[in-house]
Amino acid sequence: MAITRIILPRLILLLFVVLGVAVITFTISHLIPGDPARMIAGDRASAETLENVRRNLGLDRPVVEQFTIYIGNLLQGDLGTSLRTNRPVAADIRTFLPATLELGVVALFIAICLGVPLGVLSAVYKDGPIDQVARTVSVCGISMPVFWFGLILIYVFYAKFQILPGSGRLAMGIATPERITGFLLIDSLLQGRFDAFRSALYHIILPGFVLAFANMGVITRQIRASMLDVLQEDYIRTARASGLRKGMIIFNYALRNALIPSITLLGLALGDLLYGAVLTETIFAWPGMGTYVVTSIQTLDFPAIMGFTIVASIGYVLINLLVDLAYMLADPQIREV
Amino acid sequence: MRRTKSFSERLRYFWYLSRRSPLTLVGVAIIVLVLVMIVAAPVIAPYNPDKVSLTARLLPPSAAHWFGTDEVGRDLFSRVIFGARASCGAAFMIVLISMSVGVLIGCFSGVVGGRVDTAIMRLMDVVLALPALVLAMALAAALGPSLFNSMLAVAIVRIPAYVRLARGQTLSLREQVFVKASRTFGASPFYILRWHILPNAMSPIIVQATLDLGGVVLIAAALSFIGLGAQPPTAEWGALVSSGRSYMLDQWWYATFPGLAILITAMGCNLVGDGIRDMLDPRLRGR
Amino acid sequence: MTEGVGTIARPVLEVSDLHVRFPASRNWLGRPTSYVHAVNGVTLEVGAGKSLGIVGESGCGKSTLAQAIIGLAPFEQGRLAIDGEDFQKAQGKQKRALRQKMQIVFQDPQSSLDRRLPVWRLISEPLHIRGGHSRAELHEKAEELAIAVGLRPEHLDRLPHEFSGGQRQRIAIARAISTDPELLVLDEPTSALDVSVQAQIINLLLKLQRERGLTYLLISHDVALVRHFCDDVAVMYLGQIVESGPADEVLRNPRHPYTQTLLAAAPSFESPLPDIAQVRAGELPNNRHLPDGCFYKQRCDRIGGGCEAGQVLRRLSESARHVRCHLAQT
Amino acid sequence: AIAAQDVLVLARAEDPPTADPGIEISNSGYTLTYAAYERLVAYKGASTEVGPELAESWTADDAGLVWTFKIAAGHKFDDGSPVDAAAVKFSFDRLMKLKAGPSDAFPVLKEVEVVDPQTVKFHLTAPFAPFISTLAVSGAAIINPKVMEHEKDGDMAKAWLAEHTAGSGPYRIASWERNQSIVLDSNEHYAGAKPALKQVVLRIVGDVSARRLQLTNGDADIIEQIPLDQAEALQKDASVVVESNPSMYVNYIYMNNRQPPLDDAKVRQAISYAVDYQGIIDGIMLGQAKQMRGAVPSGMWGHDPQGFQYSYDIEKAKALLAESGKGDIHLTYTFSQADPAWEPVGLALQASLAEIGVKLDLQAVADTTKRELVANGKFDMAPGAWTPDFADPYMFMNYWFDAGKMGGPGNRSFYNNSKVTGLVQEAASIVDEAKRKALYIEAQKLSTDDAPYLYIMEKNDIFARRAAVKGYVYNPMLIQVYNFGTMSKTE
Amino acid sequence: MMTMGTAEPRGQALAINNLSLEFPTFSGAVKALDDVTISVGKAEIVGIVGESGCGKSVTTMAATGLLPKGRYRITGGTVRLFGHSTLSMDDNQLQDLRGKVVSTIFQEPMNALNPTIRIGKQLTDVIMRHEEIGLAEARRVARDILADMLIGEPERVMNLYPFELSGGMRQRVLIAMAFSCNPGLIIADEPTTALDVTVQAVILRLIQNRARRTGTSVIFISHNVAVVSQLCDRLYVMYAGRIVEHGATRTVLETPQHPYTQALLRCLPERVAPKQELEAIPGAVPNLLHPPAGCYFQPRCKEAVEQCRTQSPQLVGASGQQVACWRRGAATELVEQGGRQ
């Protein structure tokens, strides 16, 4: 009952979102001064050629008709054909999504592993030196221009000292493992390709860390705030008054409850991650959705931009659905009613 | 118990709170610095930021050029100083626009309630689900890359956050006893909005806006970095980092200083935002 | 008339068969699927210049009743009349005028005052809303009212957080009487205050009643306070009035088993701690699903034949008292 | 890790858009199409002249309307099937049917006729002088007709060919990981000499610095798109050779001839005198360019070495401006970031125009927007870059000056001089090269005098390779195209 | 029964001696406690009454070390809890005492239980922390003690979350938790203020019964004099951070000595005829940032004399009843007054 109450509105929202996003991007794509046909046929294309390309793209039809066709195709999972790569946008997205997901998951993992303990320590030792350090680190993370941080790290670790690779997912000369999940770290292990695994791991360290750093800041700040809230709750006082050990109070009693409001934030953090990923990928030449969409935007490849936007929005809604479900599981009050 | 604390007392109180959190003071210092940069750029900057000098290309930092020069010999220190105007001005406008629009919509939605509220919130859900940067990029791309267009895009994308915040405030304030009391006196929704909800909802919104400012400085810079924001030859931090990027190996200073400026400014906003929030938090407030 | 709480004086407030329910759960279209039944058929009258006390345990619907009367909780069934004028039928300006004939004082003076407005503005808010007064007039009027409730004029420009709880409650009372209402609904006006301050507020309210002929509807947990303050008392249980009548009679000689338990449990200097058996009355039944028959039967120790049937509030033959229990009525 | 001797790694910033010769119009894609396909004819070594490739000989009728090609025996596609007349017909039919950008090189192609398996005839609707050189372009690649097995929804196998190759060239695409790498393996059925390089890997390395580091580390053998400053720094590395060759990539500036005050030739001339050409070449291009002399670049026949060249002469500029009677001129320079030189050139222009009292505003827009604005004539001045598709002055003269090609197609300054239009149209319709040359030089004289464009510079083509990479032959028509088949690595 | 100091006079559970404490704030130090002396004998039920903000909670929380760290300053005095000097113990040592030697029940039952953990787990966590027993055994102990608190179906309740219980049930769970390790002292800080009178009566009874049966000492804090009179053996009256009167409950309530105690009792509506004016205490509790000179009650006291305005009175009197008032000093004869009219 409660589950459907949560899921159903979300699914309806999903429809809204897809439609809304489609309308918005579609409108924009028809407002732009650039002519997609000219993009395909080249700068000096003759009027005749342009006309032909336009016809092939369906651009000669009335806008409303174009939109209906687009939506119709969309419902069949067809996102159109990229003007730049001449491939179906859906195929492009399938190609690039795993790289982004892999980067995002690794970054999120790092961010959580560093951010949560830091936030907890910061709250427990509020106003102490640990807190000051943790807050400084967290504010640095939140305020860090990802693109610049990436550049600096590349300069230091790759250019100057050559400790870590600075671009791409795999080193030269290492064949890409066959694609199973699209996650190189997993695929290489599945196939026992330890060379590829090592290389993939090395390659993900810098971009993963850069992307993680900003999110770590956000997570630390959030955990600190909600820990502070929770730590002054009456039930913590009860736990202290009944002599429970400090570690138990902090981790079993306080952190647990502090995480509940943070779950929502985690959802938002995932959204931010996407934004961060776009920048990180461009810096680290990471062959993912970010690089894809930035290039698409720079070349005004609107089918690609629309496809990306729609997929990203769906992802966002789904993530939020998951977050809500997680929230529900974590909070007995919602779960049991 | 005097009615209002005197200015010096307020100052003393602020100092008292800041001593407990030196980071806030750092933030205030940064903001002041940036404001000075914005206001007094022509006085501070040693050179005309747009003055090309093909003979002084890519000079390393020196007494004459503190941050070195760029590929057409412009003084980077001056460009960073002037960049504050574009970068921070844009961020400020974005926050101002999204905050005012968002607060208006949010309060309206919360007060009116019912179907209008539902419709507005669904719309906001859609906008919220749009990948912010991408919409910004798409709009910027569509309307042509310019700082103004990206600003507009970012502002639009950030509206829902304020709508939600303001609506949440409105809804919770609506349940407050003093608002109920006002209703029993026959107050109209507009009266309640004007006298009770807006004034009381403002502080969390201001905090949010301050924190947002830090984030938006980053986004504006990021857009310029990707090439969708401020267009060269405008001096803007993100754009400077972007052009400095290809010189990273031999001319490290080019990208480093404008990036630092972004980092420090965003930090300033975040620190001050955190500080204000702590001060408004009754839990942490000294008596 | 067989039901209801009557006083001889001209009734200022008449409530009959009032029902209030709140949606408890909704389907995803937003339609309520179940309800919390907070008030289930309350009928009462308060005579001019009199005080009616309402006691009952937490969650029995006292505040909801007050809010329904004051217009904060919509009710679907029942009738409400002020000075004989039906509130439901009134429209627009007339309704506003009726509304201003009654005012409410809430339990927590802290949250019932907007912390951003100065005292004079708080006190004169009802007048400000009504309109037609200049700022100076409002300030003047506020000063007058402040003095009437024992505040000093220099307090007027301060903000509420600069006051103690008792003073804040005075501000709230000053505000409530600013429109010269006939009826004041007092929802536990002193339960957030210390006894020493409670005494000040009670004195103030009694004084105002004497001076202005105010009519009170007092909601309280405190039996002793009701005994002291009110002419009449009504005991509420699960959204119904189970017993009512003149305060000293009802509280000296309770007839309804619930009233008896309530009184036994009330702490007092005279009696020792009651035995558990005496007060172990269980808890208020869930008001999402109202019980059949007598609402009190699960907790009642006198249960006998006839309790399966719904009980009506009936006047006891010998006095002005009403009881909702067939065993006590005989 | 240094790549093996028989593997060459080329690092560049972006994926080529597609590998389909029928679609691809960028040099980035030509890297693939030239490596994987053969054409009937090919540029001879470093020259812009064409010689036989698949065709061993050809003849044209007197009217220049029917061309007959004899196809050499022994050429095989990468699946082993022979290259024959049917494949030629198929390829051209496909090209014309797709009618995307590349087909524009064949404006007069009527029909391709298979005479016998080794003979094919091209029928033209009108004589077209550059016809034979157009057969050397990427779009003229001969494709294995079997690709039609991969056709989907009548797309002429467009989707498949976007990432695969089906040609008779020395290499074929073995794998393409978008945004990561493209691996070219040598084609065992290739008719020419067996290449020394077994494999060519195109790695996508977005960041300039990363590319440069990979080259100096030996991770990459060739890197492209290096800023001039980096090129200078790289030159210091002994193991690296910076290839800098004069190209036909020209930077010029469109002046909108339809818009006052630029509709006045005197004003345009004044502006032409006000540009510090040498300053730009030295200060911005670090000497890796040279000033244009007329429309046709120096590497192309039809270039006029004695042609008039505007020089930086403020006094003359002021005088001309005064003569024109126009004062208080305020212009906008609309540019994008597509070419890194455009912004600094704009800045330099702004500075020097200020000296003659012309105020120039810089307006930065997206590249697509810029193109659209230019195509529609909504600009005052805008920088442009041009490279020839085929080796014929037609590519410059007819595109730039023909009043019938205004806007997008090529005449982007909206220059309208009927005399010049007549000259270039005539030159395009006759076959005799000497006669054509004379006509083009005449047209250049006239147009240079009218100064419809600001002729800025011919840029050098710059890329860097490891010194160990041998055998590269530079052909100005084949920018970003490498003769992988005849290149080798020795270390 | 449990580890106990040796130097402790027999029968003392808690001895707070001359405890003074302040909270430093921006505007200055809030002198929350001034020279507070409280002793609780074994198996004794002692009440502390006083108005809001007069330091009742601070006293007991200071004694058990529960005040927020770094936000307060002890300016004098000692605390001995079964021989342990709690003021000088660090957090870990205190944790060993809490729950085992001394338990505290707080005012608000609504938030005093962790909302995301089942009742049973919260109880067994405490039991297993202090007793060397396994989970099954701990659950049995928990079940028994819940049953003892008159919670029907303890098994079921143990599997519930706090929000599924009513306020009265929650408070009983908390009492069960406090008693679960048989501490020597229970501090009940207004455990019934938020509850209905019927529930309150039950809870008071439960505390009383259990304490009497196990010989546990209880400190019962309340501002409801009537409640205290029903429950406690001895009584401390606090005003503005000071103990103003103390003695056996009956004595103090029937013959209150301190003008404050008297006034407190007189303003109860219970003791006055209906509609009569109550004898309110004028003014308000002093701001402890700037407490008045002399006796803190002096500004509100009808009997105040010059001495009251300058010197603060000490608690004097026989052990049966002590009072801190110049007008009632040992030398002064006990003035009539007090008791019930």
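So that you can tell them apart, the chains are marked A, B, C, D and E in the order they are listed, and the count of residues begins at 1 in each.
The rule is short, and it goes like this: a contact is a pair of C-beta atoms (placed from the backbone, for glycine too) under 8 Å apart; a residue touches a chain by one contact, two chains touch by 3 or more.
Keep in mind that this is a model prediction, so the values were computed, not measured.
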item	value
Label of the chain whose CA centroid is most distant from the centroid of subunit C	D
Centroid-based (C-alpha) most distant chain relative to subunit E	D
CA centroid of subunit A to CA centroid of subunit D, Å	39
Centre-to-centre distance between subunit C and subunit A (centres being mean Cα positions), rounded to whole Å	55
Length of the line joining the C-alpha centres of subunit A and subunit B, rounded to whole Å	23
Sequence positions of subunit D contacting 2 or more other chains	207, 209, 213, 366, 369
Where subunit B touches two or more other chains, by residue	141, 144, 227, 245, 248-249
Numbers and ranges of subunit A residues touching at least 2 other chains	32-33, 127, 154-155, 159, 232, 282, 298, 300
Complex contact set, residues of subunit E against subunit C	51-52, 150, 166-169, 195-202, 204-206, 208, 223-227, 229-231, 253, 263-264, 267-270, 272, 274-281, 284-285, 340
Complex interface listing, subunit E residues touching subunit A	64, 66, 68, 70, 91-92, 95-100, 103-104, 106, 108, 110-117, 125-126, 129-130, 161, 163-164, 174, 177-178
Subunit A partner contacts - residues on subunit D that touch it in the complex	1, 3, 9, 14-15, 17-18, 20, 23, 25, 99-101, 103-104, 107, 158-159, 162-163, 177-180, 201, 203-207, 209-210, 213-214, 217, 219-220, 366-369, 371-373, 375, 399, 408-410
Footprint of subunit D on subunit B - complex, ascending	50, 52, 54-55, 57-58, 71-72, 141, 144-146, 227, 231-233, 245-251
Subunit D partner contacts - residues on subunit A that touch it in the complex	32-35, 38-50, 52-53, 84-88, 92, 95-96, 154-155, 158-159, 162, 166-173, 176, 282-285, 287-288, 291-292, 295, 298-300
